[in-house]
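Next come the structures, one after another.
In the two assemblies presented below, subunit A is common to both, partnered first by subunit B and then by subunit C.
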Partner chain A sequence: MKSESDERAEQLTRRQFVAASALGGMAVAVGCRAGARGNWEYLTDGQAGTLAAICDQIVPADQFPSASQAGVLTFIDRQLIRHFRGHQDAYRDGLEQANAMSRNRFGLDLADASEEQQLELVSALEHESNAFFELVRTHTLEGYYGSPRHGGNRDAVSWRMLGLEEPPLLGRAQYDLRKGSPS
Partner chain B sequence: MNRYVKFAAIAVALAVALAVGGVFGASWYYTSQHGQGCANCHEMADYVGAVHASPHRNVGCMDCHEASLSTKLRHIRVHLMGTKPEAIRLRDVDVLAMVPNCQKCHQKDYAAWSAGPHSATYSQIFADPVHNSKRRLMDDCLRCHGMHFSGPVRDLVQPQNAQGPWHIIRLGFADQPTMPCQACHQMHEKDEPQTKPAKRFSVAGPAADSSLAYFDRREGMHFAAVSLPIPQLYEGSRPVKMNQDARQSICYQCHAPRTPDTDTPAAEHHWGPQVASGDDRTPMGVHEGLSCLSCHIGHSQNTTASCKTCHPEMSHCGIDVEKMDTTYANPQSKHNIHWVKCTDCHQHGIPKMKSASIAQANAQPLDSPTNN
Partner chain C sequence: MKQVNAVIIGAGAAGGVVAKELAVAGLSVVLLERGSWYTANDCRKDDLRNQRTTVLGNAFGPDDDRNPRIVVNSKGELHTFVPSEGPYSNNAACVGGGTLSWGAQAWRYMPQDFKMRSTYGAPPGSSLEDWPISYDDLEPFYEKAEYEIGVSGDYADDPFHPPRRRGLPMPPLPPGREFEILGPAAKRLGLHPFHIPMARNSVPYNGRGPCMRCRWCCGFACEVDAKNGSQNTVIPVALSTGNCELRTECMAKEILSDDRGRARGVVYFDAHGHLQEQLADIVIVSCCAIESARLLLNSKSRLFPNGLGNRYDMVGRNLQGHQYTGALGYFAYDTYDDIGPGADIAVCDYNHGTPGLCGGGMLANEFVRLPIHTIDRLPSGTPGWGLAHKKAMRDWHRRTIAIIGPTQQIPTAEARVTLDPSVKDKWGIPVARIQGNCHEHTYEIGDIQAERARKWLLEAGAIDTRLLNQAQNAEKLTRGPDANKARSLSNHSDVVPAGQHQAGTCRMGNDPQGSVVNRTCQLHGVDNVFVIDSSVHVTNGGFNPALTIMAVAYYASASLVRNWKGTGFRS
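On to the complex of A and B.
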């Protein structure tokens, strides 16, 4: 036989359980929305703007697209939660430093500076924070010249720039097994 | 014990309520905001952002994409476990499930495609005794016939020999199209919705619709038509006049020429890819310089009455061009319409009077409809 106090405790616990479940569900829903990062998987929109300014000074647009136009940011962003996970801190600190340098020199975020100012600042970054600059430069080139399947090199633009056809044209050999094996 | 049974019952009831509510709620949520709900999970934000800049901006995700209970549960699992792949790709079954949804809005194009050769099914292509007894089945066949099929050809058709009989072994694929809409179209490409122009207008050159793109099986992604190469082909050592219509760059991906085979004069002299080699159908002879789409209607590939576009009257010889001895009039003819030349019939030279009329025709302005 259960006592009255036992039953009350059991009811209370059941209510708590239901309430906790509902709260948990709400937390998951709210958490999903709070975790949204615009169009990026790791970068914030602000960091992406700063990184685009740096990448576009490394590979600027001419008759072919610039680094950001060719999807290099997508490449770096995807890899920052995968193969480049170990570089997350370097990117976070480096982009913050680049923006701080820009604000000190021009009173503007790097993304809002003129192209001439961006070039000046990225040149300064190369000397003052060489390790970060080299990291971004390496990743920019990997994204620009790597396989389009990883997010960069949109429509294989850099390969066409180098004179390579992509996808390659491959016609079939016209043979008939009944007349002998194909050469 | 009783207490645990009650907890378990409540937990099960909650799970069922959440699942049922979640499925119907998610369907309502996704469809009510033109995909904004889908974008709340950041994995989808890129794709939803792209479609919102495309001609399909007013179409909801689930108007095109299949979203069964198992699909939704899979998405939730991937989201919660953080196991999202580097790039989100549709599975082969998802692509095929989309095709009837394209039909809902694009009925005329769908009907034309259904009536043409590009709607060939897996069974028609891969269980064809005429082909399979002559040529080997290989994974590369899937590059053009089944570019969305996810496995190797041995998972699609058996036996892998020249004796047969051949059967499609992938369940549910036998009657599915090998070249669905997504073979040549990408739906999320940035562009304005198409509207009927206030008046007819002409353009200087053929325009390539932004949705035109080739799905490359090796990279698992689309390449825009304007970014694809149009090869320079040769007839012997002579460069062939190539039409630069960007739309036909998709055609060249499958109707492709071959690098000259060894022991051929073209290979010996390094002349480059030869016209009519491999699966190439580049026009030559009297039709040199034309685009594939000068004669073939995009979705059906139909060429009926196409001759009249450029030949409103009789030919220079006074014969109706549609009744000449070419593969247009008779597929068994030895004069392939793609490569037919004046000298095919006038083997001893074109008669003088006819030469004069040809010279006169060639002297006409380029925009003359009889010039071709």
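On to the complex of A and C.
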């Protein structure tokens, strides 16, 4: 069964995020927090909102989707009870600290802060909480550029962005590869 | 269980070959493998979970839950690692071993690679030594491996290639775009580029079709079974004789020996975790360098209180792998053609002959890259995140070429595998502990190789380059796709990078006090135990080692079968 936020994100994907991507990012983030209980396997909705704000600074939306729009939160959330389970505490404490920093600076939860404020805070996070930032950065990029089967890189959006055919043309093989032939 | 003629522990590159040779010769064989038997259907094309990129674990074992190892850094600090983490120095655990998911480069070592000490002299502090056998001894067996496993390529343009009686059984795959770019550049530099020999079908061979040239190559099982390993060549032949029984998911605990100091068989845990005893006339250890040493060290008895064949404290020493260095080049146009296997051009100009350096290594372009590999391989100065990073991914993913190579390591006796006194795996068997480093001269050679790779890329028209040498590796460790584990890894750059090319721990030699096995891979002092895998490599060449592992396995098997038919090993 698809949750509301999943469906919205998929609709957005189909629209290819042309110009309204910033708005789309907000919509997903809001959707996550407002979604029904059980949207996530490990994260609470509050944690997911904070994480989405950080992930979307690591891979922001431009003409291509942001991290959260491409499903990176789903990727991280799933793995936090699987291969990344050893990082549960780091995520719990790190997200709490990031939110606390945001409230300190802006008087707002990180998820509610403006884009500029979020960028400022994530930059601060990189310096003040580097271990946690690197963890999220690594997982975000892995989810965004990795295999769609794990929930990130939805519809292979990042591969298409890089100009890779998806699905790849198998069997085109060696015969097209004479010198000078277009690939 | 019924006693058999031979029990082989490990169904990898070497174990598969030995199983086939013995079974065909008429010996009854049990082949034990701790992993599973995967097929082409298990390819899965999972960028995050394969044998090369292990973000979500290894695809072909061993699993993270049951198989820890301890790594000791130069400060003496102990760290526990699981198989999907770099310092663990993993090799796959499955039928076929590393050759299921390898890149399939199938190199012969050069004659000098077997005579490193007499060619260069041993640098002080190193344990550089000659092999007791020569290239000429192995040549017929290299050829046998090339034909039975199936190797494609073309040595015609390699003037450094040692003498061979027959060409390769298959022509090379047509060149990719990187070959077109790098080939002329290499020639302008006076180098001698040629097609990498690959254990990969370029034409139908051995009943299987050719490579379809997809992106998911090195690190993956081949979806069309065009990549050749022991699992789709020699092991099926062994089984078809009716003389060989393959038992998977069987974890060897120890080798049993009798009161006269001869081996009786193997004790192992079967797939259900039950302890089993397989008696055999001869025992063959083919578990790869780290696990073979571990099994011998764990096989303690009254006559061998420090482990089987370890009377002179030699088992586990001289652990080595390869020092991988090179460079990345950034080009002003698309160099990426999305065509596997990617690696196709190499030069052997730098393997030997540089004044002041003990050897060197082959340099080749890298396997086809997945997007995940580009994340931390962008030009220096690119921000690690944000819009600039995303844009750089778009700008550069299709415009980079990497040239890297396995620099031959100069071994030391201090780089070694021992048993951890307290940590045990899930079966209760003491785990391997890895410590010590290769000789510092290795890093000197590696850095020079990296500069050479950079020069080649610049000649090919790269507009920017980045070295992948020791210093850059250290930088990568603190920020990389593996950042979380990299932080612990950066403490370990002073431990020998053994990796899946691990070798050396049961050195072959004529002196029982300075080596573990003799020139036929027979354990000194225990005439019915053989170590046949990369463990016996005295030095590891400047090439990917698998074809040499297989050639040594054919060579040792031939001698074993000869002896068996003569006097026999039965007591």
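We adopt the following convention: the second predicted complex is superposed on the first by the 131 of 183 C-alpha atoms of A that agree within 3 Å, B and C clash if a C-alpha of one lies under 4 Å from a C-alpha of the other, contacts with A are read in each partner's own complex, and residues count from 1 in each chain.
Quick note on the criterion: contacts are C-beta pairs under 8 Å (C-beta built on N, C-alpha and C of every residue); 3 or more make two chains touch, one makes a residue touch a chain.
This one's a predicted model, so the numbers in the text were calculated from it and none came from an experiment.
Enquirer: By the touch definition at the top of the document, which applies to A:E41: first (subunit B), second (subunit C), both, or neither?
Expert: A:E41 sits against subunit B, while subunit C stays out of touch.
Enquirer: For A:H87 in the superposed arrangement: first (subunit B), second (subunit C), both or neither?
Expert: A:H87 sits against subunit C, while subunit B stays out of touch.
Enquirer: For A:R160, using the defined touch cut-off, is the partner it touches subunit B, subunit C, both, or neither? Pick first, second, both or neither.
Expert: first
Enquirer: For A:L135, using the defined touch cut-off, is the partner it touches subunit B, subunit C, both, or neither? Pick first, second, both or neither.
Expert: second
Enquirer: Considering only touches as defined above, state whether A:P60 meets subunit B (first), subunit C (second), both or neither.
Expert: After superposing on A, A:P60 lies in contact with subunit C but is clear of subunit B.
Enquirer: Could you say whether A:F106 touches subunit B, subunit C, both of them, or neither, answering first, second, both or neither?
Expert: neither
Enquirer: Now for A:G151: first (subunit B), second (subunit C), both, or neither, which partner does it touch?
Expert: Only subunit B; A:G151 stays clear of subunit C.
Enquirer: Under the contact definition given at the top, report the residues of subunit A touching subunit B in one complex and subunit C in the other.
Expert: Comparing the two interfaces on subunit A, one with subunit B and one with subunit C, the shared residues are 82, 147, 149-150, 165, 170-174, 177-178, 183.
Enquirer: Can you check the complex and tell me which residues of subunit B touch subunit A?
Expert: Its residues touching subunit A are 3, 6-7, 10-11, 14, 18, 39-43, 45-46, 49, 79, 86-87, 133-136, 140, 143, 162, 214, 216, 218-221, 223-224, 227-229, 231, 252-253, 256-258, 261, 273, 277-280.
Enquirer: Would you mind writing out the residues of subunit C in touch with subunit A in their complex?
Expert: 45-49, 55-57, 173-177, 180, 202, 210-215, 337-339, 371-372, 374-375, 384-387, 389-391, 393-394, 397-398, 479-484, 487
Enquirer: Across the complex, what residues on subunit A touch subunit C?
Expert: Interface residues on the subunit A side: 57-60, 62, 64, 79, 82-83, 87, 119, 126, 131, 134-135, 137-138, 140-142, 145-147, 149-150, 158-159, 161-165, 168, 170-174, 177-179, 183.
Enquirer: Using the touch definition from the top, list the residues of subunit A that touch subunit B in their complex.
Expert: These residues of subunit A touch subunit B: 10, 14, 17-18, 21, 25, 32-33, 35-41, 74, 78, 82, 147-151, 155-157, 160, 165-167, 169-178, 183.
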